[in-house]
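Multiple structures follow.
In the two assemblies presented below, subunit A is common to both, partnered first by subunit B and then by subunit C.
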Partner chain A sequence: MVFDELLILTLNENKKNKDWSKDALSLTTQLLSTHPDIINPEFYTIWNYRRNILINGIFPISSSEEINELLNNDLAMTTKALKVHPKVYWIWNHRRWCLEHIPESSNSSNTQEWRLSTWEKELFIVERMLDADSRNFLAWDYRRYILSSMPVRRSERAELAYTTKKIEANFSNFSAWHQRTKVLSSLWASGEVDRVSSLQKEFELVQNAMFTLPEDQSAWLYHRWLIGSGDDKSILEREIKVIQTLLDEQPDSKWCMDSMVTYKLMLLNNHLPRGTRESIDITNQCLTLLAQLEELDPMRCQRYRDIGGCKVDELSSLKPSLTR
Partner chain B sequence: MTDLDGNFDVIIFGTGLVESIVAAALSKAGVKVAHLDNNPYYGGNEASLNLDELASWADSRSTSSENPETVFGYLAAQRNKFFSISRSSLIPDHSRHYSISLAPSLIPSVGPLISSLIASGVSRYGGYRLLERVGIYSSGSGLQNVPGSKEDIFRSSLSLIEKRRLMRFLVFASGEFEGSKELQGYEQTAFPEFLKSKFSLTHEMMDAIVYALAFCSSDTDSTLFALTRLRSYLRSAGRYGASPFLVGHYGGLGEIAQGFCRVSAVNGGVYILDKKAKKITTPSSTSGDKFVVQLDDIPEPLTADVLVTAPDQIFESLHLPQVQDTPSSLLARCIAIIDKPIPFPPFLSSGDGSSEGETEWASTTGDEDADEPSLVPGAPSGAHVEAPPIDTSVIIFPPSSVNGGSSTKAAQAFITGAGTLSAPQGKYVVYLSVPILDDEDPEPLIEPYLGAILSLAYASEPLFKLTYAQRVSFPPSSTTDQSSISVSPAPPPHLAEISDFASSAAETLYFRIIDILKLRSPQAWTTESSGGASEGGDVFSELKVPMWPPLESSREDEGGEE
Partner chain C sequence: MSDTLLTDLHVKYIQNLGKNKDDLTYHMTAHLRMNAVYWGLTALCVMKHKDALDAEETIEYVMSCWDDEAGGFGAHPGHDAHILSTLSAVQVLAIHEALARIDVTRVVNFILGLQHPSGVFAGDQFGETDTRFLYCAVSALSLLGAIDRLDRERTVTYLASCRNFDGGFGRVAGAESHAAQVWVCTAALAILDRLDVIDVPTLGWWLAERQLPNGGLNGRPEKLEDVCYSYWVLSSMAILNKLTWIDSAALTRFILSAQDSEDGGISDRPGDMVDVFHTLFGVAGLSLLGYPGLDDLDPVYCMPASLIERMGLKKGWKALPRRL
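Let's turn to the complex of A and B:
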């Protein structure tokens, strides 16, 4: 550790003195290879310093081929680092920086080839990281960055299939479902995939997750996204029925109850005129559910009371003959 | 050879899995071991044999017209254990490319055997494959996948409610169910009864749980017993992959037994195969209070303080309890070779999973093992990539699932091919077993199951077939009162239980032998470092030496086979 402190002191001095030399570069290599991750402001500073050395000192005196090679070396260094520290932001950032600085070659077909192979390799690496931990949201975010930056884009259908694969491997994965929302939104917007039939299939997919493991939050969140603002009355009613079946089977499921309340309120607000028998019944159902939720989930009882409170007020504002 | 060469601490007869584990542990502890086997191969009743060897094995155990009195004791015991043998006369080509196990086994990823394999270093000698699929057969719906995990259930074709109920049961079964309200009063009830009353499971799901997840062979196993076993499997899932079970290469247990023998040899154990013990003398004052073993064709006798033997390896004259006297049950068994894989139905996935050429893009790289990515240019062409055939699987036939099969017992099929280096590319070894009664002939009882397997594989007939009956003796609860002779228990040929049973039995036997040796020569042991037992805070009590000393960081021997 004493050695490293000396090293840091040296580096800080060099940085102040704008030392952009190769020696300075190798000092940063030394430090970063052994401690790429340490949560110490000094260290992302060292990454910054390294980038400055490259840009100001090394690149100006190197050929395109040499620059390409230097960047590939740095990528290799961060790959090694990521295997040990997969969730450190500044390692991922350095990768982005490397990719963005792939030089134009004097030979234009070279450029094309460098770019292609580098980006494909990036995708390969991020997929390995996601195989190791499919819930690493930094990796998912990086994946989106790669997919949007690649010179030859992969199809969105392919990406949809990738999320399917990850969800089938383990559906308790917020990031995979989240990615799916992004891809589907795009596919629906472009018309490449028919929204109505796709939505139907998505409901079926997520119901499998909900029924298999009702305590899994990620599935419920996806379901919520599918429902959206609840504009489609028949879908809303259908899904409420499905969740009711699950609730009957698993009466202690907090998520079932919570979702029922949310969707019934949507039904009320979007589709049912106030003061009708039906709307009063549904309001009362919600109140019952909210009371159960208060007991089941006392940590959030204020939230349930809050939701319920508005409804109680509404009910009492209606003509007495209609409220029981 | 000097006098010392023939003098050992322990002589072990039989290189089956139990004895081999004991030999390795003893040698590592510094005990001088001579390890013998009548057979010219390692593994005893758990051996891995090529096809020619299997044929000889079968032929020598088929009763002939020999005068029974002249039949050598081991062979007589073997003929009592394996009988009603019949086999195809023709042996397929490439016999040496087959590794067929006399005791096919699934090794739970968490359990005594895997722990012994890792702690002893034997795991480094061989390869293992994860079991790929478990299927269940019914005459109505044919072959169905058995969901054993959250992911399996998610992808399966069960109804939503069925998924909920099955998952709820699996969560219960993997947890601390002892003393739970669901189990109250049902501990000794038959397992299916418990499932029906407490978890509202359909008949199909109950069959899957009882026979294909808990590996019961009948519907009479008690709930507590079956649940405990099921839990150990559920807790093995996920360690190396989705399946709880590993399958060893080259016939599994035979190769593993050989690995333990190798560890023993490296640590000083002496190996003598293919020799019979002509005479064994019990300790007396003239022999220096040691056993004296005279082998055929070896002039120098071997001496030892302690003998260990597999039940059928040595003489009745030592007054060991006869295997014939202990209660036993029977299994009908079949080993067959087919040249087609068995297609399993795909796990369904809703939505876009397998339609319109999207599967090929599920990952950018086709080969998951590649270090380098393959360049993937352009858009999908719509070509549909087929999944490779399943190589290593289990298929369960519940009672009354096959015409002509048992109506009270479940049959188990275990299929494996080149993926476990058990057969050449394109060929598969099928192992079948079903419990039968004493007076039943195995062949007609096992035939319907083989027929079902053949029709599933769209194969007309097997390339090779061997059927026999195997007597399963319930092991004696403790060894003889002659404390210096130990009989190793024969591990029961239960697909998922044999491996851990063998390892636990070996551990018990090992500590027993250590105790006997310590009693006989206490001075030799007081200065022994306790084989690496660490001070304070470790699992073992002060008096108990851990069975496996810590592995050295460098490999103990070079040129490991892979």
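Let's turn to the complex of A and C:
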């Protein structure tokens, strides 16, 4: 058997005796790196032990150059492991721990030198990981961590451009759309990007995706984020018209109909007085769409019934002369 | 492939787990052993075969994983304490009514010591944070009768910061919504009586859209179906009283089709290798869907509902009525 039981027993013994020597460190290296397919990288106790050896045994007797080198070796070791196990939390976690311990460089004119180059490398690696699997949520989480902890913060516009690139490569990449909601919120809040004009550009981008892949929910979800709680009446009315155009082309598009109902209900609840001719007409349009959705999407028919049910109650409470 | 639940085979499958200690997989999965004991035992309880594993043997195993230095439980004897294995230990001991055997004060202090100033919890001394760990803390404290020692305000504030525009929750603040994280956040808020933090119509919609044409549920938009995601989505819907918003018959068929009809156990999707994790979440999902002959499962704690009710911890969730 390839599995090295003896190695594990020795390690457990060493750990119990708080053996923080270089020999103990190389035993953990052996266990964690030489059999990347055999030894489970989720063996978290060994990662913990390794960090304890470094903190308590090795760092105190090392120069900052040596510490930097040790940590870079660990980053290189886990890069190999990540290629085999891209979704193991413990590996990502160990990288983060390494970053947090990168020392200031001995070059007094640029103490951030090592940290800067390490963070740049991390950003490069996480981009390669996202090239391999653009939905890997651990990689995205790590990316956000890297960006938020960079020694010199990168412009958020650069991150916005990154999401544009990912979205244009694949409209179905909801992880990239999600990231865009976070980056834009922050850019709007800081005033670095003007919300009103950027909103127009976002609607253009997302409409392009909706018209290209109307059955893909990623773009529809993003569209819903742009609409928000529907406080802007003119945007709501304009987007309802756009979706109507698409619905005329694709009369069986569930996402068109579902979004149409949602936005028309927002129009009713936020902007139109109850009981007017216009609001009754819109309510009836919603009820018709909901009945079509029940047919088209029977798996979720109860949801459409529940939404319609509330509206029917509202209609029947109005004067009979106004309802048809 | 079978259209009924093969209870006897699944019970046998769980009984045989871990019997062959020379097996490579036994060692490969040591880091999950305590969780596996909880998954197996809970699946047996739901199938009304709690006695298929020896209670005293199980309790002794749990106690052998105590990490006296940290004051919590590890995944296996000799492994470091972690909040994931500590919750599983508490759950197993609660099911066997053996919580009196542990030093509750020390376990409570171990858990409380893992909370960060932001309100999130780390998994262990090395500080990786995740809403999963926050749930583990809230659930374990509640089961130990110590929920009043938790800083509720800070905990809820952190949960709210993980909420996204689609109604869902991510692993950490800023992260994409993911069904497993939605469940841990929803269930934690249920325990803390703070479901008001959730935008129920939007989250209910997002959850309902996880169902795919083959009946299975995915964990994020445009991803594959999986039995375990089916459970995360289903239990969240049960807590929000929205179980009727998906097609329960189609999901029941999907879970049943992922059974191994020769050797027992349930896999992530039809044709794949079974494991005890998916076996529990398959059976647990069927219980919430009202599958005949099963015991009720509490979707907030993922434990037998009768036990949670006896402990006075039941919240206002709603499963589908049990069919005959």
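Going forward, the second predicted complex is superposed on the first by the 301 of 324 C-alpha atoms of A that agree within 3 Å, B and C clash if a C-alpha of one lies under 4 Å from a C-alpha of the other, contacts with A are read in each partner's own complex, and residues count from 1 in each chain.
The rule is simple: a residue touches a chain if its C-beta (ideal position, glycine included) is under 8 Å from a C-beta of that chain, and two chains touch if they have at least 3 such contacts.
Fair warning: this is a prediction, and the values are worked out from it, not measured in the lab.
By the touch criterion stated above, A:196 is placed in contact with neither subunit B nor subunit C. Contact with subunit B, but none with subunit C, is seen for A:164 once the two complexes are overlaid on the shared chain. Contact with subunit B, but none with subunit C, is seen for A:212 once the two complexes are overlaid on the shared chain.
Legend: residue contacts after superposition of the two complexes on their common chain; A:89 is shown touching subunit C, with no touch to subunit B. Residue contacts after overlaying the shared chain place A:61 against neither subunit B nor subunit C.
Looking at the shared chain after the overlay, A:303 reaches subunit C, while subunit B stays out of its contact range.
When both complexes are aligned on chain A by C-alpha atoms, subunit A residues 172 touch subunit B in the first and subunit C in the second.
Across the interface of their complex, subunit A is touched by residues 24, 27-32, 74-75, 78-80, 82, 124-126, 128, 130, 164-166, 170-172, 174-178, 204-205, 208-209, 211, 213, 220-223, 242, 244-247, 250 of subunit C.
Residues of subunit A touching subunit B in their complex: 116-117, 120-121, 123-124, 127, 131, 152, 154-155, 157-158, 160-162, 164-165, 168-172, 198, 201-202, 204-205, 207-209, 211-214, 242, 245-246, 249-250.
Per the touch definition, subunit B reaches subunit A in the complex via residues 150-151, 153-155, 160-161, 163-165, 167-168, 347, 349-353, 356, 358-359, 361-365, 368, 373, 375-380. The touching residues of subunit A, when paired with subunit C in their complex, are 1, 3, 5, 8, 12, 15-16, 40, 42-45, 47-48, 51, 89, 93, 96-97, 135, 137, 140-141, 144, 172, 174-175, 178-179, 181-182, 216-218, 221, 224-225, 228, 298-300, 302-303, 306.
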